[in-house]
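Below, subunit A partners subunit B and then partners subunit C, in two separate complexes.
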Partner chain A sequence: MNRLAGFTGLPAQIFKICFIAIVDAILIAMFFASTHKHATSLAIVIALVALGANFVYFAKFTLPFKFLFPGLVLLVVFVVVPILYTISMSAFNYKTGNEISKGQAITQLLQTGLAPDSANTTYDMVLGKKDGDWAALLTEQVSHQVYLGTLKGTTKLEKGSYTLNSLAIAGATAGFTPLTADQTAASDSAIGALKFPLGNGQFIAPQSADVAVLLTQSLVYDSKTDTLTNTALNRTYKDNGDGNFANVKDKTEKLLPGWRAFNNFRNYTHLFSDPTVRGPFIGVFVWTVSFAFLTVIMMFGVGFLLAIALDKKIAFRRFYRSILILPYAIPSFMSILIWNGLFNRQFGAINGLFHTHIDWFNSPWLAKGIILLVNLWLGFPYFYLISTGALQAIPAELEEAASIDGASPRKILRLIKLPLMLQILSPLLISSFAFNFNNFNLIYLLTAGGPTDVLHGKTAGATDILITYTYKTAFGSSEQNLGLACAISMIMFFIVGSLSLWSLRRSKVLDGF
Partner chain B sequence: MMKKRFGAVSVIASAALVASALLVPSANAATKTIIVWADEQRGPQLTKLIDGNTTIAPGYKIQVKFFSALTALQSAWDKATSAGGPDVITGPASFASQGAKSGKLAPLPYGALLKSQIPSAGIAAMSFQRKIYGVPLDVDTTAFLWNKALFGASAPTTFKAMVDYYNANKASKGLTGGICALEGTWGSHPILTALGGGAWASKGSNADYSKVLLNSAALKANIKTYLLDASGKSNGFFQWDGCGDAFKAGKIPFANTGAWNFDGIKAAGVNFGLGAVPGLVAGSYGQQWVNYSGAYVTTFASAHGVDLGAKKLVMGWFASPEGQTAMSLASGRPPANRIAAAKITDPNTLGVATAALTGTPQVSPALDDKAGGSNWYDVLGSVYTDIFTKGKDVSATLDAAAAILSKNFADASANL
Partner chain C sequence: MKAKNLWKHIYIWILIVFTLFPIYVVIESSFNPTGSLASSSLIPKQFSWVNYKALFNNPAVPYGAWIRNSVLIASANALISVFIGAASAFAFSRMRFKGRKAGLQTLLLIQVFPSFLALAAIYVMMERVYTVFPAIGLGSLGGLLLIYLGGSMGVNAWLLKGYIDTIPMELDEAARIDGASTVQVYWLIFFPLAAPVLAVTALLSFIGTFNEFVLASLFLQDVNKRTVAVGLQQFVGAQFGQNWGPFAAGSLIATVPLVIVFLSLQRFIIGGLTQGATKG
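Right, the complex of A and B next:
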């Protein structure tokens, strides 16, 4: 009898209310934290999840949803959203220098367009209010001349019209009320935007709570024409449609930062049309397919042969079976790092054992061989296990009948056992192919995708597979191309997704649905 | 029935609100907090010096958050947005160009006083497209170390003296190398320059990016003379990959590394002297990369409403003689501020500062550029592998590398 069957009535209601209250508390806390961090989208998602959870668990007609809701939420948040985000970003020029929005980029460019004068004139500043408006007492650091800055203009103060404070800078004048530190901090954003005009396009702007500098706005934005003009150099920059303002007379001169701009899925066309991207991509793609195919064939071959060998009753069979599982029992990242050390040119045990100085990881073919060997070590126990299981599922009568008919053991293996095994194990072989297609850990920990023939213009390593190449493209250096990495990820997604679907159909797992 | 249901809902809502009030971080308390990000080296030092401080930027509280490694800091910084990003970040000079390009760093107009205290190379390291994005904190460079127990109390005077010592004692003392660049390709620059090579040439006091020095005739000849044997294979003198333990074990007599490794080397029992990598003639030296670590105000500070406080912290403490003296005492790195630098008394810090005098500015945008296919560090790694491991032709290898680098430097110099 189900133990929970008796958990009904008031105790169950109290438990449900407490549980939902805790979930709501966590979600409300997350909602407030998100709004506090100005993460509006996240806050909306959390609010929807909270409302959805309360609706599902308190409405009477949503019984199936009570079981599906947590899984569906996690599926949407951790699978569907990242996929949609990756698809959308693959259509954008999203790379180092093109990461923020256009509005943010314009704000930032206008900031960089603020130029100090040649003497870097700096003022010690006391902020305050005069006639209810922002004002500042400004003491020039070199000449010690004092000015009163207001939003209307800046005026020179004569000695005697102000008094010095304990830091020997102007701290008070008639009608001026200085701000306290807390008041200044509370108005941080407003003060940061203040400009005390000096005439001739110059103004004094606060740089911290007590220092201001003399600046000129050399870059001006015209929202009507969507252009930026450098007034000092008399250059005009226009939106080039690819996420940057570019000089209208020299389009190679671009202003940075740019913004994340929609580029009509050019990341995909670049993969096949741009030789600097196409060359490495095709090479990496061919090796990825070869590696995934070869490694599965090798692992299955060795696992199957061992299963056949140990299918017979031989001495110490249990011991052999136990020992064969060991490579599978050790965490793979540890095994990979140990193999990496064993093949080290200078200190590795392999070279030490044979008194050689072979540079295993700097030869493309040797490195590829090592990858296949190490993955064979890591993967054959799995195929040994499933082959053993599959062999035991083949009716003994088939082998017996074939023997009586005069078939040799080799013929029985080739014509009876292997075809039957392949029929049983095909879905697992296909899923293993898909897994190895994305076997990031093996490549990254063993060879890091290398060796890379940098001096002959190669940008992808000889052992890079698509997933490591994508990682390098996205995060591998200070120049990141996230849009291109997203496009490669989508191609991988469709390949692996298609294989998985094919595998599921072949295994008829979905037939019952 | 409906009443019961409303009752349950109101109980839940009340309980949830009370519980969430306990869980939510105090929004008001965090409003005027300046968040500073640092790596695992500066982080603990900054925590000790300024975490919780409310006097450096009155009206603001400073909170230091540090990461387990520079790579972790870089990774978090790459992904940072105004939602969770820092107001101030400390890190290598390469952050300046990367942050400027991505729009994550705010430009910092220097005052006249500050400008007079910071060396022009330090300001250049913090600049991108002629705008300054940070203040240099300390000199991030390496120095030459020699094992006194092996080579003796006095420093070698020429490169040849080091190679001769290695060849003479290789077998008897079980040496596994002559000189070790502990920081790999970055730390090997003084060795390259001591042999007449390097990244780019100089025109007066400025860099000449149009002339790549990696394939200079002098370097080609000197590699063959000092680093290869008669058959054209590596003589084992030059080590750049995983050789630190051998130096600590007394199996390599010379090394090039930074202050961050000195404690570990001392702990291993190595009695070392400090200087600059000796050149081909007595009195000449290889040039270290002289870089600066910086403190930067992010554009997120403005979104968080702490922009003025963050700038006060960076310009008023990180850049100041007081702030840099305190950091130097904690880190052992030479400060960038001239007034703070004049106050150094620690011999190791002084040694690194002296070595830096023979250095050359590490211009990150040029070294990180990969318009030619790969950046300086990857190209140099391939050069070392091809020449010293695979035994490929020196001249052809260096020429191929120079062809890539000339494209990189031409591209980068347009933005400097």
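Right, the complex of A and C next:
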């Protein structure tokens, strides 16, 4: 036991305490950084991790959790939380134009609800401080009338109560300290938010470090009734329950931006009731299922036949085998990009070889065929390998017994080997189906979901599967609808999850612990 | 050759041609100085290293940085996730505690959900993390690594538990009788015994991360921070005809080491593959 001695006692204890102290120090620093930036949920997660770590590693009765804790933290924070967050996002109207919170939306609306007066009154401005607060000396550019603006109000200054600076604008007055150039540069963002009220909903606001304009607030928010009123047009806008302020008299007139609002899981009902959403969704869904089904059958068929063909009696078996498993050894993203190049219309080797000019990726059917062909190339070696494994697992006595009974090799294959193989391999076939159901790389790198009939306003391409369609919905170039994307994700979770669960139940893995 | 087996030979050779065709074209184009696919014919006429040189002398295509990023993030993910996953798997395999069965079942369910299904949520989350901690937020390799680690935790813990169950318990018990604590059993008995299995799991994890595209392309916008997968895709997608030669060279450089490792370890990797089948 001498070898073990070094790991126990005081040194180990000191090492453990130092290690946890370092982890704590990092987590505490991160906690304060988060609270400082008002990232509350982040701060809570960090605090929970820190508390959990200290509890698990200092309490006496938590031995298994000392081993489980790091993995558990990673799994919960980066897998479980995103899944829960996906569920919550799927219940919101969260898309381009509805991305911020309601408070931020109101602030932005009020900022855009500003109008310059008809004369476009502009002031030359000298920024400074008065009584420790922001102030400005404002010289109107046309009338040369001078004002002193403070956050409380703006007062007219009579001639003689101020002095002009080198630019012939008011530069100094009693109690006013102008900012230095450095101070001005340092408080860029604060200056942008300054407003010097004039009364009657009018105020003077800086446009840059030395120019200000007269603005009128045309949009007014009433927090009691939760309405916005446009005083100039005399229109009232009310929260429409879907993340926008809409005109009370004309519901289609909405103010932009809106906010991400809880819409009662309407993203899901849209998928089945709104024809603009349902059409592409159902098309994509049908292709996803048929693609995953067809491709697994093709790969299994070719791989299984190869396992039969490449049996022990064939010469150069090892050599053939090394070549034929190459597609499985090459990183798949690389193979897909290479195949994409081979089918390129102008430069591709396939058109070059046959002296054709076929635009392979522009026809929905050809593109679908290419996807199946390329996935066959990528996947048959795996199915060859697992079929070989399964064939070896079938007891030789079965074959002998059948041949003594007079069965031909073909009959043995069809009636004994194939059914047994399907039984042995069914968990792998199901997991392969689930994998291809979500085979993002294949579709995205080969056809990018195309061809897409943009002329007819189609949002989904002919070869889009659910996962690439989700990606387009969430991060597309024209509109990004994160709420809808999350709803589709949840449906995929459900399909893939129940399929896997069913397969696990069948193979009785869940009972085996 | 028996006539009965003729179909087998024909079938095998059709598949060999099918398998080798893209590989051959890529090797040929990588040494073809004209660089574009248009002139590539099946019989090589010229030979040059110009495509390989172009790959390392183009500041707009920091191929070296891509390779470094990929290797860095894939090895970090492989090492850390196997290290942490082994601890979890050890606890599940060797200890009996409340919630063990429920924990295993939950783990199994979680690991069938590919983490990129939650990509919209991950994107929004990491966007917020970025505002506080740019080093582990959106756009950083650190943040991407954290997401990968979370995603590989379930799979690795599950895979490793299967292997650990096959290591006989008697060894642990003998050490315990000699007075070793659980932590000592873990480090001194279990870890060395499981080392080969951990290495294979780490290798599979490495290949998986190296191949990952969707999260990486969402995360890494900066051209210098891209992985090989994202970098090459953007590079070749921009100008297919023009960039095909350097792309072919780049794909070979990234692929050949992996293929060699894979072929030399195929016994172990494939052993793991079929295990699931024959046990099921």
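Miscellaneous remarks
Just so we're on the same page, the second predicted complex is superposed on the first by the 447 of 513 C-alpha atoms of A that agree within 3 Å, B and C clash if a C-alpha of one lies under 4 Å from a C-alpha of the other, contacts with A are read in each partner's own complex, and residues count from 1 in each chain.
As a working rule, a residue touches a chain if its C-beta (ideal position, glycine included) is under 8 Å from a C-beta of that chain, and two chains touch if they have at least 3 such contacts.
In this text, all values refer to a predicted model and were calculated from it rather than measured experimentally.
By the touch criterion defined above, A:55 reaches neither subunit B nor subunit C.
Applying the stated contact rule after C-alpha superposition, one finds that A:15 touches neither subunit B nor subunit C. Contacts of A:475 after superposition: both subunit B and subunit C are touched.
In the superposition on chain A, A:424 contacts subunit C only, with no contact to subunit B.
Counted by residues of subunit A touched, the larger count belongs to C, out of subunit B and subunit C. In the superposed pair of complexes, A:39 makes contact with subunit B and with subunit C alike. Contact with both subunit B and subunit C is seen for A:346 once the two complexes are overlaid on the shared chain.
Of the two partner chains, neither subunit B nor subunit C is touched by A:494. Within the superposed three-chain model, A:390 lies in touch with subunit C and out of touch with subunit B [touch as defined at top]. Of the two partner chains placed around the shared chain by superposition, subunit B is the only one that A:26 touches, whereas subunit C remains out of contact. Residues 33, 37, 39, 42, 346-347, 475 of subunit A lie in contact with subunit B in one complex and with subunit C in the other. Residues of subunit A that touch subunit C in their complex: 1, 3-4, 7-8, 30, 33-34, 37, 39, 41-42, 63-68, 70-72, 74-75, 77-83, 85-86, 89, 302, 305-306, 308-310, 313-314, 320, 322-335, 337-342, 344, 346-349, 352-353, 377, 380, 382, 385-386, 388-390, 393, 424-428, 431, 434, 438, 440-441, 444-445, 467, 470-471, 474-475, 482, 485-486, 489, 492-493, 496-497, 500-501, 504, 507, 509-510, 513. On subunit B, the positions that touch subunit A within their shared complex are 5, 8-9, 11-13, 15-20, 23-25, 27, 30, 32, 57-60, 75, 78, 82-84, 94, 98, 100-104, 106-115, 128-129, 131, 242, 299, 302-303, 305-309, 311-312, 315-316, 368-370, 373-375, 378-379, 381-383, 385-386, 389-390, 397, 400-401, 404, 415.
The residues of subunit C lying in touch with subunit A in their complex are 5, 7-9, 11-12, 15-16, 18-23, 25-26, 36-38, 40-42, 84-85, 87-88, 90-92, 95, 97, 100-101, 103-105, 107-110, 112-125, 128-129, 131-133, 146-147, 149-151, 153-154, 157, 178-184, 186-188, 207, 210-211, 213-214, 218, 229, 232-233, 236, 240-241, 244, 247-248, 251, 254-255, 258-259, 262-263, 266, 270, 273-274, 276-278, 280. Subunit A meets subunit B in the complex at residues 13, 17-18, 20-22, 24-26, 28-29, 32-33, 36-39, 42, 54, 58, 96-97, 99-100, 104-105, 108, 111-112, 114, 116, 119-122, 141-142, 180-186, 188-189, 191-192, 206-211, 213, 215, 256-257, 276, 345-347, 359, 362, 451-459, 475, 477-480.
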